[in-house]
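Listed below are the structures to be examined.
Okay, so subunit A shows up in both of these, paired with subunit B first and subunit C after.
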Partner chain A sequence: MTTTSSTTSFAASVLDPIRAIVGERGIITDPGTMQPFMESWRDGWVGRSPAVVLPDSAQALAAVVRICAETRTPIVPQGGNTGLTGASQPHADGSEIVLSTNRLNRIREIDLDNDTMTVEAGCILANIQNAARDVGRLFPMSLAAEGSCQIGGNIATNAGGVQVVRYGNMRNLVAGLEVVLPDGRIWDGLRGLRKDNAGYDMKQIFIGSEGTLGIVTAAVLKLSPLPRATATALVAVSSPSDAVDLLTRAKGKVGDRIITFELIQRFCIDIARRHVPDVPDPLNDVYPWYVLVELADQDSGERLAGMLEGILEAAMEAGEVLDGVVAASKAQADSLWRIREGIPEGQKREGVSYKHDVSVPISKVALFLDRANAALEREFPGIRPFSFGHLGDGNIHYNPIQGEDGDPAEWKARLGAVNAIVHDIVVDLGGSISAEHGIGRLRIDELPRYKSPVELDMMVALKMAFDPHNIMNPGKILRLNGNAR
Partner chain B sequence: MTTTSSTTSFAASVLDPIRAIVGERGIITDPGTMQPFMESWRDGWVGRSPAVVLPDSAQALAAVVRICAETRTPIVPQGGNTGLTGASQPHADGSEIVLSTNRLNRIREIDLDNDTMTVEAGCILANIQNAARDVGRLFPMSLAAEGSCQIGGNIATNAGGVQVVRYGNMRNLVAGLEVVLPDGRIWDGLRGLRKDNAGYDMKQIFIGSEGTLGIVTAAVLKLSPLPRATATALVAVSSPSDAVDLLTRAKGKVGDRIITFELIQRFCIDIARRHVPDVPDPLNDVYPWYVLVELADQDSGERLAGMLEGILEAAMEAGEVLDGVVAASKAQADSLWRIREGIPEGQKREGVSYKHDVSVPISKVALFLDRANAALEREFPGIRPFSFGHLGDGNIHYNPIQGEDGDPAEWKARLGAVNAIVHDIVVDLGGSISAEHGIGRLRIDELPRYKSPVELDMMVALKMAFDPHNIMNPGKILRLNGNAR
Partner chain C sequence: MKILVPVKRVVDYNVKIRVKADGSGVETANVKMSMNPFDEIAVEEAVRLKEAGKATEIIAVSVGPAQAQETLRTALAMGADRAILVQTDAETQPLAVAKVLKALVEKEGPTLVVLGKQAIDDDCNQTGQMLAALLGWGQGTFASKIVAGEGSIAVTREIDGGLETVDLKLPAIVTADLRLNEPRYASLPNIMKAKKKPLETVTPDSLGVDVASRLTTLKVVEPAKRKAGVKVADVAALVDKLKSEARVI
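So, the complex of A and B:
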């Protein structure tokens, strides 16, 4: 790609055959038009590419991959391009084509008695949620990017979100897959089954593999009954440890009616209120920690609210809960959610922050916060702890913010050191350095520090077995053979 | 193993080093004492082996595997030996050692706030259920062999059972694994996390791999809240199609409170009553089909029974349900379960039967039964349809019984032909030829007929990546390179 002749040869051997398959509508080579596909919406990943290819069928996509396989042209699969780890943008050297699923956007089938929906990879998550709701079902995957992320990317990253405590990760919501393999063959695994032990469950390897083993082109999704009612509360607690006790209490009383259980540090609310309009201060007094809890059920809203109130009253008597409010209306519930949703936006405007998407066993969350806060405050005086997230599944967005004083550039330079301190503690407590966002390029150099040689070897063995020429999203998750990718 | 000198050399190079690791208590070579490890409790699988090895730790088990890897000695991993597909017994040529997890039977840890339990592979399923119940939790895996099957085998076969409609398969209940790989290294993946996207989720490949990729030595299991109440009913319906309508109705009304939804053909009840004591005829009249439905919840038993009655009344008004009984006591519920549980035993005594463990999309169950029954009756007049199973997850035990007349030996010889007719229809409807039992040896020669070349290639690639010398449970699930194993 560095000389005119190699560019010509690349065009003749790769781009022209691809153009013959996808047509002029299916390929973009104009730099300006390509730009949105080259960069991430956050975190500054920017790359270059000779072409963005947008096939309109799995067959066309497979034919494109075959050309890439024959010519050893590396591919970056891309869905809604909303990821947070640099996995869906090309590298800066411009050697990779971007293969977009934007035009694979049909809902192929809804099977009501089977509670499944067959969708193509480019369907927007929110459209899938709405299509399910239109037929009286729930597709429970829900996350901030749902208006633009695509289901193929949700599957490739095993997306999480705010309802994992009840419905599990994306892995749990997939019954079947259609995948284009790195050699360009199509695997039709679009089975809508709850039980299938006929050989290895091959779909599992593609879920969460960040496009490094193949490209998901369609999926059979599992639908759930649509809850008839929800009940929402925001309560104050004096510590994360009390929040865990409240969670354990609530699970015992209402089990899987808990669809959301979010822990929020007071400082997060302050920051959201400082920078984002209409974020309320929910209670009359100020408390150190809060929990946003939501229940959902087929039973009546009154019954559900009564159960929630019962739990909170008992928790207040036991001293776990200091104060709280149960939403009396949809508007009031939305207002409580506004607090939670305002946090990431507020944080962005407050200065340098150190983002971590970590999980530990729920029983270790309080200990993790204590240890990480103490270690960082010791090392970087003035750093401000900032923690919120999905306590119900042990996933904390632990995002401390720079001190009020000091040079932002200096604070920025500390990112790697902060990550190392936090991640060392996480792994020491049996946790994960990436709970839901994946590894991509963001954590690729940290992974070898936190995975055993045995586990890394297994990951490499899997990659080599399915993509021996390393053309599928190279340099994401793993570097092979000590190479840059 | 065929000459004295090779036997001597095998003893010196393999058995003596193994004995040095596990001690005399950890190795059995006496044929009589080995016999229970050589044969299946049902279906007649019998093999031979030079030794049964019973390590008492993952470390010792790994050391044994290292010796086998170095000497290319094939291994049959064995748990409770309750499988139904010949996966856990050695082949007849006596070349494989049996590696038993019987002595890996400790519960290592229970983490109440994290709702997890860390167990060794040899723990009996019922002991795990009881240990969970003792601390106020539910471990929801439940199946007929629970009194003797081991959790390692449940994981290796991705066990199903009667509560999958609510809690999922074994895969859904595993948070982390410890596995000894075919080269004898130990992978410590014992993480108790609900969210972990730090690289490929390697535990997924071992779950359901029937011991062909490695040996599970321990697992972190997910626990659930213990339901406070259950409600059980047996209802009569005129067709499987009406049973599906009832299921859809019930899911809409009570969602995941449904823990069991079993379809039962009338003839199954007749056969159970003919051969098994104390199986009641549940209703005053005789109906063609029945459904055993059970709900469980944290709410009160009265509330739950009221919900169940409400569903059944509405279903009767809609004509989906013809008659039914809601159990008024634990004893009455047990008596209804006695019907379901008496079926396999009754069937065994009625003559030759053709067992199938198939699944189709729930929406296709009625069509499957119609087509399969018609095809078999056309081909084998007099054959008696006999169907029951887990309608809630599309898994039907479709086990037609020989005609009342004819030579049993002739009926027996038709097994392959019956399997082919049934499985062709299953796969044509998007189903699986093994819903929960696995492939083992029973279905190994059928798998290539029903899996695409692409899928078979992927399975072989995975096997070769992890067990290139094919020492781990060879000749189960797959034959490699056209070899017998």
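So, the complex of A and C:
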């Protein structure tokens, strides 16, 4: 859109027909109003777009996609825009329209006997959690952005979060989907079935596809019984491998009552306490590693607290656990959670950090940390290891921070080198370079290095089958045929 | 100095309270129960007095059902030395509890009783005062600071519009307010030790106290739901409504 005539023709051929479908309320072209849709909240992705389109029904959204398909106008689907990989912002050239699901925000149905809830893609995650709780059920997806992220985005990115160890990630929580395909057809797959082997499981293709294969407009979500009691503890361990032993012990005793099992390096707590108010340090001594563990079940709680104490006492006698505290009330449990929740915020304020959202088999977590820390220290002396994450899923947020000395610009320039060292070790151990955040634009150029040609071929074949003209979120996850997108 | 700390088992502060469908009371089945938060503060203060060398023994007491043992175990894990459960399934009311505590004071001979200023379930705020009257002891209620001296104790009280410091001759009663301290977490080693500390169970009868309820609950209802707000078109309409409907200006 560099010349007036092309701008005019774009308006006439694309924006006017779209406006005719969604009405004035459904389209934003004013740059100031569009701005929140153009940028990411954390990592500085900023794009441009001729219009943000906000349909209020799947039918209207499909009609908009049809116009885009006919005119080969690329589309960036967007939910709550809280992702961490630049997948939901447009590129900087201003050629893509942003298709927002903000107005698709109805809860269509709750089926208590089937334990399912049918929701539209733009429903805010926290609203879904509350709607489930109001009818005595749990929707277990829970993550830091839950107050603003949308379920459509959670599905498109196969979100993870803090309860995956018990309930699985988004992939496990979806029974059915409604999707608008890149040619504008609607696939109604809103089936609330636990068992459905009638052919390929198409919904799983779209879950985690980051908007590159189609736009999720509604979903049937699986609900769980609402736990009545939780028991929460923070314990100190001497190493990640002792934390893994504790996890194995706990799984053997209480199995899927474990809803959270987070590993936290001491340095993370120091950083959280340095920058975030009200982060407690409840143990009397300082230890190298901590585990935040939470159990939940349907009972009244005293039995559950007893189980947790029993496990921790046995672990202490075995030398796996050095010390610990058990929350005596929900207020104390909330306070322990502030440690875990304060870490990302604290880290943001501490200086340049190198983020890695990686997973390895749980049995390899300790080895991964040893190898990565040693390799980085060798290459970049002074770099400060900073690791925390969902040990129960083998998912570590491995985010080393720059050394205390040195020019931040110099440290910043080492990002690619640090990524390569860490990801090489991850993949060598059979792990993944993106455990839960996705690929988006952040890892798009690293993916070919770590996926086999066979796997990349399958991914490209899938993309070509659904979106042969590459209009659906181009330049995210994959670049086609060496194209820029 | 021996300290007696009464603790009550109540619905956890962070649990949303639900009224039973028949209006006879609050739903407590399958609800998370914890120690009354003000009692936690009382236990913490007693433990601090002991750690400072001012107290020699802390006895935690609870009047309630068998499950109140868990609450006493929490007090033991925080640092109380032993515990007494006065077991009853009756709905406990302040006067009966005060009488039970009086009997225990006479039996155990503490020089200080530290209580929470009130329990968050019935919000009575009476037990400490009643106990002081029954024993004829001095009382320092709503304490935000305690300084133990020789044979006396200085208590800073939170009162309307400021603070008041009273000097009490021991033995005395103190009730804890929110700002007195921040209770500690029960550490794992202390939870393990607490399981080996003595926990004695007695009945109100053995103390010669009748805990039968003297009050009858007629009905328990939820507070009225807040009505939805309305949007006004402009400032003039707002001012008009504030004048004619709300009558605040």
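Worth a mention:
To be clear about the criterion, the second predicted complex is superposed on the first by the 485 of 485 C-alpha atoms of A that agree within 3 Å, B and C clash if a C-alpha of one lies under 4 Å from a C-alpha of the other, contacts with A are read in each partner's own complex, and residues count from 1 in each chain.
Keep this in mind: contacts are C-beta pairs under 8 Å (C-beta built on N, C-alpha and C of every residue); 3 or more make two chains touch, one makes a residue touch a chain.
Quantities reported herein were computed from a predicted structural model and do not represent experimental measurements.
Shared-chain residue A:312: touches subunit C; no touch with subunit B.
In the superposed model, A:172 lies in contact with subunit B only, and not with subunit C. Once the two structures are overlaid, the count of subunit A residues touched is higher for B than for its counterpart among subunit B and subunit C. After overlaying the two complexes on the shared chain, residue contacts for A:327 are found with subunit C alone; subunit B is out of touch. In the overlay built on the shared chain, the residue A:136 is in contact with subunit B alone; subunit C does not reach it.
Touch criterion met: A:157 reaches subunit B, while subunit C stays clear of it. In the superposition on chain A, A:251 makes contact with subunit B only, not with subunit C. Counting contacts as defined above, subunit A residues 298-299 meet subunit B in one complex and subunit C in the other. Subunit A contributes residues 228-230, 233, 235, 282-284, 298-302, 305, 309, 312-313, 316, 321, 323-332, 334 to its touches with subunit C in the complex.
Of all residues in subunit C, only 12-15, 29-35, 37, 40, 67, 70, 74, 77-78, 184-189, 191-192 touch subunit A in the complex they form.
Note for the complex: subunit B touches subunit A at residues 111-116, 136, 157-158, 160, 164-165, 168-169, 171-172, 181, 185-202, 204-205, 207-209, 224-227, 244-245, 247-248, 251-257, 297-299, 307, 359-364, 390, 393-395, 430-439, 443, 447, 450-452, 454-455, 458-459, 461-462, 464-466, 477-478.
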